[in-house]
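So, here come the structures, one by one.
Next come two complexes, and both contain chain A; in the first it sits with chain B, in the second with chain C.
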Partner chain A sequence: MAKPRIGIYGLTGCAGDQLAILNCEDELLDIVNAVDLRSFSMASSSNPEGEIDVAFVEGAVCQQRDLDELKEIRSRSKLLIAIGTCAVWGGVAAARNDIDREKLKEKVYGPSGSFLESLPVKPLGEHVKVDLAISGCPIEKEELINSVASLLRGDLPLLVSFPVCTSCKMHEYECLLVKRGQLCLGPITRAGCEARCPGLNRVCRGCRGPVDEPNAASEVALLKERGFDRRDIINALATFAAPAEKLAEQIVGKEPACQSAQDASQAEKE
Partner chain B sequence: MTRKIQVNRVARVEGYGGIQVEIADGRVKDVKMNILEGARFLEGLVGGRRFDEVPDIICRICAICSAVHKLTAIQAMEDALGVQVSERTALLRELLVQGGNIESHALHIYCLALPDFAGVASVIELNSTHPDTVAEGLRIKKLGNQIQETVGGRAIHPENAVIGGFGRLPVADDIKRLRDGMAQGLDDVQALLPFVRGLEMPDYREGSSVYVALRNGDKDFSFYGDRIVCSDGAEYPLSGYKELTNEFVVPHSNAKHSRHNGKPFVVGALARLTLNGDRLGGAARRAIDALGLVLPTTNILYNNHAQVVELVWALERGRDICERLLEMGLEQEKPVEVKARAGVGTGAIEAPRGTLYHQYELDEEGRVVKADVVTPTAQNLSAFEHDMRAMVESNQGDDDATLRLKVEMVVRAYDPCISCSVH
Partner chain C sequence: MRIIKLKKEHLRDFVGSLSAFGKLYAPQARGEKSFVLKELKDLSNLRLDYRRTILPPKKFFNRPDETILNFSSDNGYQAAADANGGRRVLFGLHACDIKGLEILDWVMRDGYRDEKYFQRRERTAVIGVSCEPDESCFCLAMQADNVETGYDLFLSDVNSCYLVTVRTSLGDDMVNANQELFQEVGKDTIEAFKKKTHAHARKLDDMCDLSVSQMPELIELEYMSDIWKDYAKRCLSCGSCTMVCPTCTCYDIRDEVELDQQRGTRKKRWDSCFFPDYAAVAGGENFRAEAYSRFRYRYLHKQDGFVAKYGRSSCVGCGRCIEICPAKIDLRDVIKSIEGVT
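Coming up: the complex of A and B.
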């Protein structure tokens, strides 16, 4: 059987998911031997490209250049796999799509930055068909290696679908949300990280994106009950831009619309 | 007659950048490092966020440099909020910085830079020609990640470092393992010295000659510093970094450029060694001799050599920090409690690629009013162009492919982190 043709690509992001691949120091050479690596420009200057079987794409679409590249990759790939939270959910750069891009540009680059081209930040699935999503900021090494192993056998991998909360309970960590009253997103965030942050006495900030059908309303009710500032709840939910807009809708459903932290702070002042 | 050298996407670097050179009638007319990575406007996005949320968000600027981004942000916040941390915390933070530095330098030297000199496309091909070298390099790279995992909780975007300290301290057995790993690393890196010494370095005249780095006290070689020093004689306090960097926007780059007194300057391993290398002793000093590295030089390709020296230094320094921590003991300590207040704070640490600055202005609730991040690669971009021009001017007799490789080697020697440069 011919080795599967693989491409590894990065749109706008921190390159953490490509680095996570390079961080498989013990497995990297074996993985590469099992595939026909057609593109990985972060690691190689020989990138023949062409038709490929599986494209791994990290990063989010932040500019037209990203979108063009993504469509081009999609057009010659049998499977397209989004790797990392930016590719799957939008990531930190998508946290404030409510702010006008021109205003952000002006704020960071001043008037001479007008040449910069910028789009509201979106995950890959908003623009093209994504066949599999491996989230994480960055992706977990084990999940990556298991996924590659499944793909080499001709299967799509089974990924964790339970929340960080479950993982946290299995490790018997003290509950940061209920016991210590901290703003933890463990109940609505997809596990696969072995509840790393609660294990370090740190709340889950949701870096792996939400589980399927997250009960955000219940989480938010709990946080409100514990007296958390409305701004901080919205900010927390939006940090990795998980479906922030949808979650925010659930929060503000019965109250005056309040789409962003800025609006929230204005509303409070009024 | 016009001759063009074009690289649409420079390979074996982090992020998306291209090169464009135009030569007309034997004169180099135009040299551009096109930075094409998208802008995420992260400084704008943290506006309104509480101080304690910022380090976790802003470290996402870059994966390779995530530990040092996180620690520089923490340092800036602690400066703004008047927080003092324990000696143990300071040592663990420095160990985390060394972990990031070891991983990054090993990645760059073995996986990104060496393939050029060996005439291969990647570390994968290098493994066929030099399997022992690759095995040693990957072992050192892995050690860098183990340090970040042990101290920072994760190799990329380390979550354990927080304002005031650490979420959970590593235990003595973990630190012993790292210490032993460092000893193995010092063995592994020895074989690299004669190999790198024997490499043929493309030469060019009149490269960038102004170097900038942090300096600490009067005898340490350190990635931390109490002032910014410049080889042209200028000196600034950390909070005065903007007088050095003078960032400005150029239309062919999504990353800003920097100049000092109108001139490009260089930050990174070669700058640190040029300015502070006389403070090195031990194995790092011996490595300079073993490599035959003569300083100062204006050939940026020797930044590769400088990184090798720093890799040796980092392994030795890391081992010493582990010893000190083991003497001190690793009793759990909670992060220092922090109260929100208004203020401005600056953080500056030497990242693998050069000096990294973060500055935050906070309101009385401790929310970000203004954020500024100046990364090493952005500071170097003007020098990239200066050095590529010098390389082309000195090697015009080369065919296009050779010349293209040489300008790419200039760019790769800087070890650019393009995500960082735009952010």
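Coming up: the complex of A and C.
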């Protein structure tokens, strides 16, 4: 059987997922031996491209050239796999989609920023068909290797879909939300990270995106009940996962996520 | 049975001596306000004032995530070496957790007997210690406030000493290896023990106004009730309650194949009936697609189906699910809602 032709691509993002692939040092030679690597610009300057069987794409669609490249990759790939939270959920770049693009450009770059071309930030699945999503910021090495091994035998991998709370309990980490009253998104965030942050006494910030059926309304309610500011809650929800912003809107009403705390408390009173 | 007395000043010496009978595990602090059962490497870390550990002792017998077999195209299927198969002593278990292990035994014995589970159980000594209940405890309602079996030794706190109940020959060996630490029980200690026992029972009774005697019938009758939907609105399906439950046994099995496609491992990991994919089957059907049906299922199983099969609920009233629920869902409130007594 011919080796599957693979391409690894990056749209707008920090390139951390491509780096995570390169960091699979012990397995890298096995991976390269098992596939026909047609494109991986971070690792090689010689990329023959052409028709490919599996495209791994990281980063979010933030500008027209991202979209053009994504559509071009999709058109010559049998399977397209979104890797990393930006590609799967929009990621950090999508956290401010609620602000008008023109205003945003001016805020960040000043009047000279108006020539910049910028689209509302979307994950790959909003523009093209995505066959498999491997979330993570960055992706976990084990999930990547497990996915490649599954794809090599014609299967899709079984990725973790349960929440971080479950992993946290399996490791017997102290619950930062219940026991220490901290703003933790573990209950609605997809695990696969072995609850690394709570294990290091840091709350879950939702970097792997939401579980399939996040009960965001209950998460927001329980955080509000514990005295957290609504702005902090919305910001936390929107940091990594664009859909959470929509969820938050449904729950607490549409408001710019970055407004001042004063405005937020005023709105609360109203 | 034999009952003897251990002065508290001798407790450490006795606990220290137990490592001769296997790797010693005992309750110790974790983080700021939590406890875990872990290997006791320093006797000064022993915390018998704990209320409950994050995970119950089931973790020693059903590991949260473990490799059960290895396979390869050359050697076929080979059982994985058991890293948890050595002799162990679990010191400091409360009555509810000992009852939880007994219930777990019934489940693991029925149908397909889980040999690895019982190998681990048989090589593990259990030493119970009496407890001080807190606001999440309801063991009395679940008939798990006292255990008559399931332990080798049980230490009951009687002020300046422990009454030590010797239940098995292994427990007897542990005592005999330390004869000099023990004394006969005097009349004063017997009186103090009675007083303490009565006070404990009264305290549990005062704290616990729960009755589950009609639960199977009421759950069946209220199957279509909106109560389940109301609670499910708050439930995060985070799985915490099932992970920390002493008697939840569900697990998932998956195969992970190496990149060379020649070797792989079969892994077993705890699962939860709260997860959306728990009752999903091939073809995309899901028997419990909605969150409320999964929430209801936990009660159906623990307070109804289990009673029909084993004559009692599989809940032991340890309070872990109450303490850990981020949404503050209290199992006792759910039961009371079903009973219509809220």
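Worth pointing out:
By definition in this document, the second predicted complex is superposed on the first by the 249 of 270 C-alpha atoms of A that agree within 3 Å, B and C clash if a C-alpha of one lies under 4 Å from a C-alpha of the other, contacts with A are read in each partner's own complex, and residues count from 1 in each chain.
The rule is simple: a contact is a pair of C-beta atoms (placed from the backbone, for glycine too) under 8 Å apart; a residue touches a chain by one contact, two chains touch by 3 or more.
This is a predicted model, so every value here is computed, not measured.
With both complexes brought onto chain A, simultaneous placement of chain B and chain C is permitted, the two fitting side by side without a clash.
Applying the stated contact rule after C-alpha superposition, one finds that A:S46 touches chain B and leaves chain C untouched.
Of the two partner chains placed around the shared chain by superposition, chain B is the only one that A:V108 touches, whereas chain C remains out of contact. On the chain A superposition, the C-alpha centres give an angle at chain A of 110° between chain B and chain C, rounded to a multiple of 10. When both complexes are overlaid on chain A, the residue A:L79 reaches neither chain B nor chain C. Legend: residue contacts after superposition of the two complexes on their common chain; A:A93 is shown touching chain B, with no touch to chain C. Of the two partner chains placed around the shared chain by superposition, neither chain B nor chain C is touched by A:V128. In the superposition on chain A, A:V178 makes contact with chain C only, while chain B stays out of contact range. Looking at the superposition, the partner that touches the larger set of chain A residues, chain B or chain C, turns out to be B. Touch criterion met: A:C197 reaches chain B, while chain C stays clear of it. With both structures placed on the common chain, the touch criterion links A:S161 to chain C but leaves chain B unconnected. Fitting both structures onto chain A leaves chain B and chain C with a minimum C-alpha separation of 11 Å. On chain A, the patch touched by chain B and the patch touched by chain C overlap at residues 201. By the touch rule above, chain A contacts chain C in their complex via residues 27, 30-31, 34, 145-146, 148-150, 152-153, 158, 161-163, 165-166, 168-175, 177-180, 186-188, 201, 211-213, 215, 217-219, 221-222. Against chain A, in their complex, chain B makes its touches with residues 9, 11-16, 36-45, 47-50, 53, 56-57, 60-64, 66, 107, 111-112, 115, 121-125, 127, 134, 138-139, 141-142, 145, 153-157, 159-160, 162, 166-168, 248-249, 251, 254, 256, 408, 419. Within the complex formed with chain B, the residues of chain A that make contact are 10-17, 19-20, 22-23, 25-26, 28-29, 32, 37, 40-47, 62-63, 65-66, 91-93, 95-96, 99, 104-105, 107-110, 112-113, 115-116, 118, 121, 137-138, 196-197, 199-202, 205, 207, 231-232, 235-236, 239, 261-262, 265.
Those residues of chain C whose C-beta lies close enough to touch chain A in the complex are 30-34, 36, 53-55, 59, 64-65, 233-240, 243-244, 254, 256-261, 269-270, 272, 275-277, 291, 323-328.
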